[in-house]
Amino acid sequence: MGRLHAEEMVLNMGPQHPSTHGVLRLKLTTDGEIVSHIEPVIGYLHRSFEKHAENLEYQMVTPFTGRCDYLAAMGSEHGYAMAVEKMLGIELPERVEYLRVIFAELQRIASHLVAVGTFGLDVGAITPFIYCFRERELILDLFEMASGARLLYNYIWIGGLAHDVPPGFVEKTYEFLDAFDERVTEYNQILTGNKIFIERAADIGVMTPEVAINYGVTGPSLRASGVNLDIRKTQPYSIYDRFDFDVPLGEGIQGTVGDSWDRYYVRVLEMKESAKIVRQALDQLPVEGDVKSAIPRRIRPPKGEVYFRSENPRGELGYYVVSNGKNVPLRVKMRSPAFSNLSVINEIGQGFMISDVIAILGSLDIVLGEIDR
Amino acid sequence: MIQSLANWILSFDILSGMGQSIAWGISLFVVSALIFAFVAVNAIVLVYIERKVSAFMQVRLGPMRVGKFGTLQTVADALKLLQKEDIIPEKADKPLFVIGPWIILVASVVTFAAIPFSDTLLAANMNIGLFYVVSISSIVVLGIVMAGWASNNKWSLYGAMRSAAQIISYEIPVGITLIAVVAVVGSLNLQTIIQAQAGSSNLFHWIPIPLPNWFIFHSPFLFLASFIYLIGATAEINRTPFDIPESESELVAGFMTEFSGLRWALFFLSEYANATLVAFLVAIVFLGGWQSPFADYKGAQISLLIVTLVSIMWTIFVKTKVGRLSVYPLGLSLLLVVAAWLFPGFAVWLSSPGLFWMLMKVAFIIFLLMWFRWTFPRLRVDQLMYVSWKVILPISIVNLMGVAVWMWLSGEIQF
Amino acid sequence: MIEFVEEETQNPTVVIDASAMASVCTYLKEAEVLQFDSLMNLAGHDPDGESDLSIIYHLHSTVLDHYITLKTFTPRENGVVESVANIYRTADWHERETYDLFGVKFNGHPDLKRILLEEDWEGHPMKKDYTPAEFYRGMRIEKVK
Amino acid sequence: MSYFSNITNAVGTLVEGMKVTMGYFVRPREHVTLQYPDEVWPIPSRNIGVGELDTYNTIRSKLTVDMNDCIGCKACERACPVNCIHIDTYKGTPEDNLQITSNGTQVKLLVANFTIDMSECMFCDLCTPPCPEDCITMTPDYQFISNDNLKTDVTPEERWRDRDLLIYQFSKVSEAERQRRKAEAEEIAKAKAIAMAAKKAAAEKAAAEKATQEASVVETPEIITPEAVAEVEVVETIDIPIETVLPAETTEATETPVVPTQSEAESEKLVESEDSTTKESDNG
């Protein structure tokens, strides 16, 4: 009897694949269905945003930041605007701050809706995805009302906003928030509590807090591992210290702390918390105030550098901006959360099956535009 | 049906000159063509229905452009598929690549030969009909493995291997649940199985709720068996939540990845043929086939009355979104009650067996399959095996024993 | 080797010799009173196209919640910095990115290769004196106006 | 026991999910699909309080310029991050009949060329706020495509021309006039350059060292400020867009705005927008 000869197979997942959330390529070394090594190959969407930024005036960089994380353009713009404002030392009108928080949190809901929906799609549930997108459309309607665009807004400008919100916006946002809670219950019914879904996500891709911090994982993925680190709480920027909200942490309800299900569920809970923040911000929103009053005529930050971090839906979004006193930034480095979040996949994905790698990838919620920049 | 068709042909004076064998051959050809036409049209209709059902469940509209409400959409799609370039990958194993889809299609079409559509409408009245259907339909896996291997694509190979493992695993519980029914009837002939479900009786024969004498209501064990069979059959035809061989988010399209145009259409055709076949089997084995749900004409009126009462209670007490669903059965049953009381002829028609009832039951089962598909996520391959070997198989074996005990206790068999 | 820089940035900035990067980071991570366990950001920076490139590390302690910025300078061509990829795993990709875009080599990196651009791309685009080649594999590279 | 509780739990949660989908199945009227060409998304309109555009909406789509108000300041060109706006201006002469804008500013420059390349535009809306006359605006016209332009066989050449359909020329100046002005400007520039060269030569003579130093400064790659870009580009942009924008035949004076190569096939939308813009310019 000769011994059965078995060897590992290299499987190319992507760059054209339904579940790689863009043009990501994963080189999987597989032993049957078991994956023994994952090597992400990125860069297919590289547009050199940072090189662009070095040739453009400060305000002209804003649309490009939105195009990096295209699912959370408001958050990206907010972070960049705050970084430059910090260099300039601008005091913003109250109304601007409140509106920015409202938009950033609405964007967080929209982005998490995509994350939750596509995670469902990755494990085979198609319908919740459509439901999530239905709610996302309502948020995009609100954005369209305010900025005129549905995906890439260029709405948050350095020192203010492009326009004030139109009349009726506040009422419409309240309307959305009122309906939203019921929708979340619906997702929980159809997906969160579903036994098949739990089987697919629980105990899969467990990320311990040590691994998460060491790999620079941030955002909901880190909090699912039980690390209470939300920049909105630990280092409140903008006016986040005025709102009362909880930071949902992974508790391992269905399995181990830090598994894919926790990462998913933290996002579901965060949507509710964001809705809470939006509601509070709407309640406190000052009626008066010119959103354009603080926009500087010429943006020439003093010589120096700043690293500003904010909590984007995907995690810590950092902007490292260097100025030499001219109207063009010397260097804009975007510390993209998804870039670090993706790098952990080999660590947490080894020893699982091909289907699980898809689930883990979905639970990390990556956006390739931001990874490749 | 073939014999009667041949006899009918020979009954004409002009044609009686031809030999018995020629008439037989002609009718054989006609019947096969009819079955194939049924399968093809069925697929086109079902694809449209599936798209509409999924759309409604997903708050969409579905196809709306081609024809009124998009009714001709799948016809257009089929025409498009026929026109497509026939691509065979360079490194593919060409003969297998070409044969694979056809084997799958043939295996799923041939099974319809034994399926009784009504008391007279069936191609071949085999005394081993059930065995024939179950065994032939598992040839499909051969074609799937061929297609997956021949594509020379790692994704296809994964899909084929998964499919082979899955179909073979689920054959066993499915077979055992069917054996439970066969044990009750004592025959493998599908017509005999249906005829054994005529009339009406109480639920499980002793709870005083008048119900049709279907095997699903025969005993608690067969009630359970019907659901086990439905689950196993869903897995056998590779539909969600057991669609891992072609799970589009993992394996791109599984064993179909490299196929396009007509060959891909064949996969589609056989997929829906299989779904229909499973629905037929559930209807025949557990839901009384072409028997009417109303055992007799008085029974029709009483049953409808009960449905109405239940619906009214439901509407009153369940005030959720789902509770409002009962409006539909309520309205329907009220309509039928009124019609049945006013027109006794209608009641008689309702209680008589026929093709209509068969197709209604099949449609219901297919809708159930679609409902599953558009609600559930997909299992992982090892979980699928777990469900098969550790959940469904033990339950079905216990169930089989339970059926035997039940029959012994109820005096249907004696030792 | 180590010097403090007072600028109007929010974090204390320390300039460190490139060859001491790994040992300094090990110390920062393991010292009881510091515990900088998280590398938030690693950025390369070319100030003007003439002087030395600088690499900036932003560290954060998730336990003690304080921040520090490390800075190191390296020559424009063939600069070598001690890799911190074995201390902070997240530095793995960040260093690859910096290598890719600035051409700075990281000594001791487990798998130093290009990450965003193709393996056979010529030059390191984020340098200020970078000019793209005419062609890449027979495809014309469009010049930015 | 967990074996059985698992099974019951599974069945229970699956039924829970099925209830949701069935709930939507029987209420198909809640659908969210919009049958696009028949039903059109209501574009939110609002007051942004700029001049006549009171009820203008913020939707960001096709850029339009009211040439009667344009003073040729090139603020929009400088503000554009992707360089999709190209403007050529020449010093106005009395025969140009330069008017006063609706804001009351005397136009001093002849805007001979004002093209917007909508295939490059990224709809960031950064060009509209800097405009001192509020003449460049984003319109809600998002339908750039029509069935009439559909071609089955598109050669690479034609594909390029299709892109040209998205380059809009707003200037009312005729092609011939534009060429004449361009030649004139070039002549002046040439004369200037000769003068400069002479000056330079003199300077070189005076201090050879200093001259070499200057040259090296010119060569060093500096951060190109947009102002510098704009200054440099004027020469460049003169020849590039005109050739691609206008076919050789259309040498006659054309109405605003000229959408090139649309003589045969032209979408309704384009006609509408053209009409509306013309009307606006008439009013102004």
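Just so it is clear, A, B, C and D label the chains in written order, and each chain counts residues from 1 on its own.
To be clear about the criterion, a contact is a pair of C-beta atoms (placed from the backbone, for glycine too) under 8 Å apart; a residue touches a chain by one contact, two chains touch by 3 or more.
All values reported here derive from a predicted model rather than from experimental measurement.
Each of B-D and A-B has its own count of C-beta contacts, and the greater count is at A-B.
Among the chains present, the centre nearest to the common Cα mean is that of A. Subunit C and subunit D have Cα centroids lying 39 Å from one another. In terms of their C-alpha centroids, the spacing between subunit B and subunit D amounts to 59 Å.
Look at where the CA atoms of subunit B average out and do the same for subunit C: the two points lie 63 Å apart.
Centre-to-centre spacing of subunit A and subunit B amounts to 45 Å, using the average Cα coordinate of each chain.
The set of subunit D residues touching two or more other chains comprises 14, 17, 19-21, 32, 223. Contact with two or more other chains is made by residues 54-55, 127, 134, 190-191, 194, 196, 330 of subunit A. Each of residues 128 in subunit C touches at least two other chains. Contact residues on subunit D toward subunit A in their complex (touch as defined above): 6, 9-10, 13-14, 16-17, 19-21, 32, 44, 46-48, 57-60, 79, 81, 122-126, 129, 138, 223-226. Contact residues on subunit D toward subunit B in their complex (touch as defined above): 7, 14, 17-26, 28, 30-33, 35. If you check the complex, the residues on subunit A that touch subunit B are 9, 11, 17-19, 33, 120-127, 130-131, 134, 190-191, 194, 196-197, 199-200, 353-356, 358.
By the touch rule above, subunit A contacts subunit C in their complex via residues 42-43, 46, 48, 50-51, 54-55, 211, 213-217, 227, 229, 234-235, 302, 304-307, 309, 316, 318, 320, 322, 324, 330-331, 333, 335, 339-340, 343-344, 347, 372-373.
Interface residues of subunit C facing subunit A in the complex, by the touch rule stated above, are 7-11, 37-41, 43-47, 56, 58, 62, 65, 69, 88-90, 92-94, 97, 101, 114-118, 125-126, 128, 144.
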